[in-house]
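Heads up: the structure comes next, in structure tokens.
Note that the chains are named A, B, C and D in the order they appear, and that numbering of residues resets to 1 at the start of each chain.
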């Protein structure tokens, strides 16, 4: 069985698992992050982002997103996002819950990407008490369609947001894949381009379950510690969560693993492009692909042990490569597609 | 340094860590609990409790408590609990958050325990729309004072609750310690005594971060899956959380580890009882002790490298033993107390 | 100055004001609705709707809508409505607040009306915990565009909703205008067509500030009394609110006043249709009109003392007639439009 | 029948009703407070309080209280109040709802009054993320026991609050009675003594249903307009609510009516003090009395047509006088008490 259903079907990468094992064998440590290592991770993230950040670790990507949004949007706020955004489609209303009822405003845009013009047109400037108050722009990087925003594109969106008084949140569940794809620095893609808060994903790219909420403007984090606790997201054995991020960041593992996943996606895309009657819904820029197969083929591939979500978006299937995907897996999949489409 | 600050200062026990390592090395699995193991844990918990249960795993005790309460109490409900209850004192309003604003009604009672008479007197029977609606009894087992409710005591409280239409929640962050102390079955201490939902703790007793919300009446769990997701508490790599509980429950590890922690608490209590001018605030029935030291002694013990919370409750210090506490640690602590009190 | 800005720019109608004056002069009465008259109104509404209803009076239309929705949708629910719906556009997130964070799903549809096909296509049938749960259909009658649903149209929508397990809410801020326009019975337009809860508006049609939440299925009202109190919407001098509805319902005043407003809208529409270069955005079926004036005309009409919202929807202005609108006001407006368009 | 059950059993006073009638007969006005009169009321309140205030009118006392608290307390905040406080006992959790889940901390204190020492001892200064954050002091003036805080007492409490970073809210459902009783200025009793926000009651003292939320620090009102709308508390025909406050404040009616109610309470108290075996639970300082009658007497008085709540607090009955209470009513009640206690 070869599993392209998601990058969270994998386990933890060796370096992350080893860091947890090492931390676990250390003597007792004070709980809830009152240990030296947890402070160290914040310092380490400040190095990675070339600026002093406030960082809060949690175990799930939804928690990271919604605690970030809860720090930015009041209950009577509007959060502008793409209609494909994970926070809009796949978090069961968690953003509404953690903001106390803010309203998500889904916008369309090609390739799962927001446009400055689309955002500008959508922002309510009436100031009316009958309308929710424009509060946040949330963009996903890499996007749910597997595309990426360039630093210039992020900046252009952030400028529209900033002019209207919005804060800017980046859902970076696959931030590593975006950085690896673009070859820019983490700083260029975030605070230098106008991002206020980043959900920095670890889970999909090698952690057991670890995400960092990274605040580039410390004043926005004033209530984040209490909001995390109140959300039930402050782990008592925090140092085991911390250890994951230590292992993830050490020696550039996070970027190396993401680059591999991206490369496997490119290999997959290259193979699929050679197949007649298969096309790709979006440009392949990170580790997600949305191929459209001839009728019946997706189902037969599933039945043959190639796992992925068929009919995921506009008639296209979704395939995801991961840090653990091998060239052999990719090649076997391509071969299967070729065989099936020739016979379909 | 010897750490009695809490049972969550420890790492994971070997059997739990090994289970995680094993699960991590398995091939990719579908995320969000859509793997075979996660279903197995529910079956395993049904065996442990001798009845068919619905179970939901989460990474923190606060999450377990508040998702349980969120399944039982409406926003306009009252939750009756002891004034020492963790949900009242130490969860930063998480119960209010997850219930949409229910009101906790703190009650007094000796030895950190609720009494049937106290509960009966507190329940509002007016039916008035001006008052919140009585909804839940939440009791902690073992209690925050380290005492335990016998099955008969649980039943007596649950009967008062049930007569008034309340549901019964048990915060079992140290449920294992209570079961080990009482020598009864998990079933006798829960559903057979009238408990509807249990927060079954794993973290303090050997897990990395794993708790089970165990529903004894499946109909109460109707919305639990969505509430968990909406709270950001559905882990994508769920099987690594599942593995913790598998290792925890296998071959009675959970009870054996708890019994050891309890035994270390008894050894500590026995040693302290021999020391003049030291007395204990509550009976020592699980793995928590609340000694009152002569003035200045607690601080000097802290300074000498014995970590615990001084002046925690009514002038008493709080000490907690764990699965990893050794006899030698206990004995060294007793010796230090003796030396210091003789000289104070 | 002639005011077509809304039907809430008027005061109370004479019969409603007199009912309040009479109630006020009566001896003291127990507060919070524990007076005989308030029970009488429920009985009176049961007569009007030809079925036994549970009714709750409040002072604002937003309160009526959101308390109704709060009785129907869980925090993790989806509420399907038209993209023009008042609950979506003009209540500052009140529905999200009173439901604890439910998600409104705005749908398009010609003439401000939902279609059975559009609703059918929008309902999420995945059952996925990642998605909010389909919970409610909310339709506005008369619509925000001034059109009305026939009983058959309501039934067709309610059938799609019901098959998917949705409850049906009708925002009847202008319910009287719809009944008067259609000439059907209140029952035919609500419970007989599948509506579960109606926000029955009084304010726009002659009350000082009074709306009734009318439950056609009493079991849905189980928590409505506490939700109203908790929302701050239980008036202590309830009988003065009750008196408004007594005056409103007595001798068919509510329908007579609405019929007059509708007639004034027809007169206005007839006059505007005679003017070149003015067209109407929607069919005029109740007391709202959306004329498109030649460039600059709307502003000049405003400046000349004719108040209404220009550029309200798709380039059209919004005009609303009321119980107090006179033929003379209509005729003066038509004359002014004619004069200005001839010269523009 | 003579009704002492509450001061909200009465209707509106003549001057308030006339103001509504007058406003209603005026030409159409823009809705939602966008009329000149509503701005005038804010100016008028600024005169009454001798400082520039921001004011928001609502129809219920619960709405005034909870919108005020919602402006002052975050969801993770603590609100300190007396255990008798209306917000704690009688609003069905509305404060929790409007604050997003803040925790009310009820404190004891003689005569229904908080003490500076009691408040000081209760405030959590740990700064711990496990605890809710101290946010607000709410005191009731006149209290639920009918007693009043002197300006010096308010100031002493506000100083303790302010030192700990708390905001100060005053529930002034019977503020007029307190001002009339103390003979001080409204300013001395509020902002000059450290109060940040006042719920200024009108309903109990002559309005149909009107309360003002008065902000003495405008920056605290930044979101109040949206919160009022979102709570469903922005009336469309706002000018009819405004008119009530105009009538209430004109020519000192509010103080004259309250002074009368207070005088009736003094007359009642004087009469009851002459009766053997009847004593009063609290000093009578405003318009509430808590007499303890001999066994059976309260019930017989009720049966004889004297309405009040027996067994309301600590075995005492509650009687309330109002703007409309007459000397004859008081005297008839006293006579009845005398007759019944002689024969009991």
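The rule is simple: a contact is a pair of C-beta atoms (placed from the backbone, for glycine too) under 8 Å apart; a residue touches a chain by one contact, two chains touch by 3 or more.
Computed from a prediction, not measured in an experiment: that's the story for all the values here.
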A-D or A-C - the one linked by more C-beta pairs in contact: A-C
Identity of the chain that, by mean CA position, is farthest from chain B: C
Separation of chain A from chain D, taking each centre as the mean of its C-alpha atoms, in whole Å: 51
Chain A and chain C: spacing of chain centres that average the CA atoms, whole Å: 42
Shared-contact residues (touching 2 or more other chains) in chain C: 75-76, 91-93, 97, 100, 129-130, 226, 229-230, 234
In the complex with chain B, residue positions of chain D that touch it: 75-76, 89-93, 96-97, 100-104, 129-132
Parts of chain B lying in touch with chain A, wherever the complex brings them together: 1, 3, 5-6, 8-12, 17, 20-21, 23-31, 58-63, 66-67, 91-94, 97-98, 203-204, 208-209, 226, 229-237, 240-241, 307, 322, 324
Sites on chain A touched by chain D in the complex: 32, 74-76, 100, 129-130, 133, 223, 225-230, 234
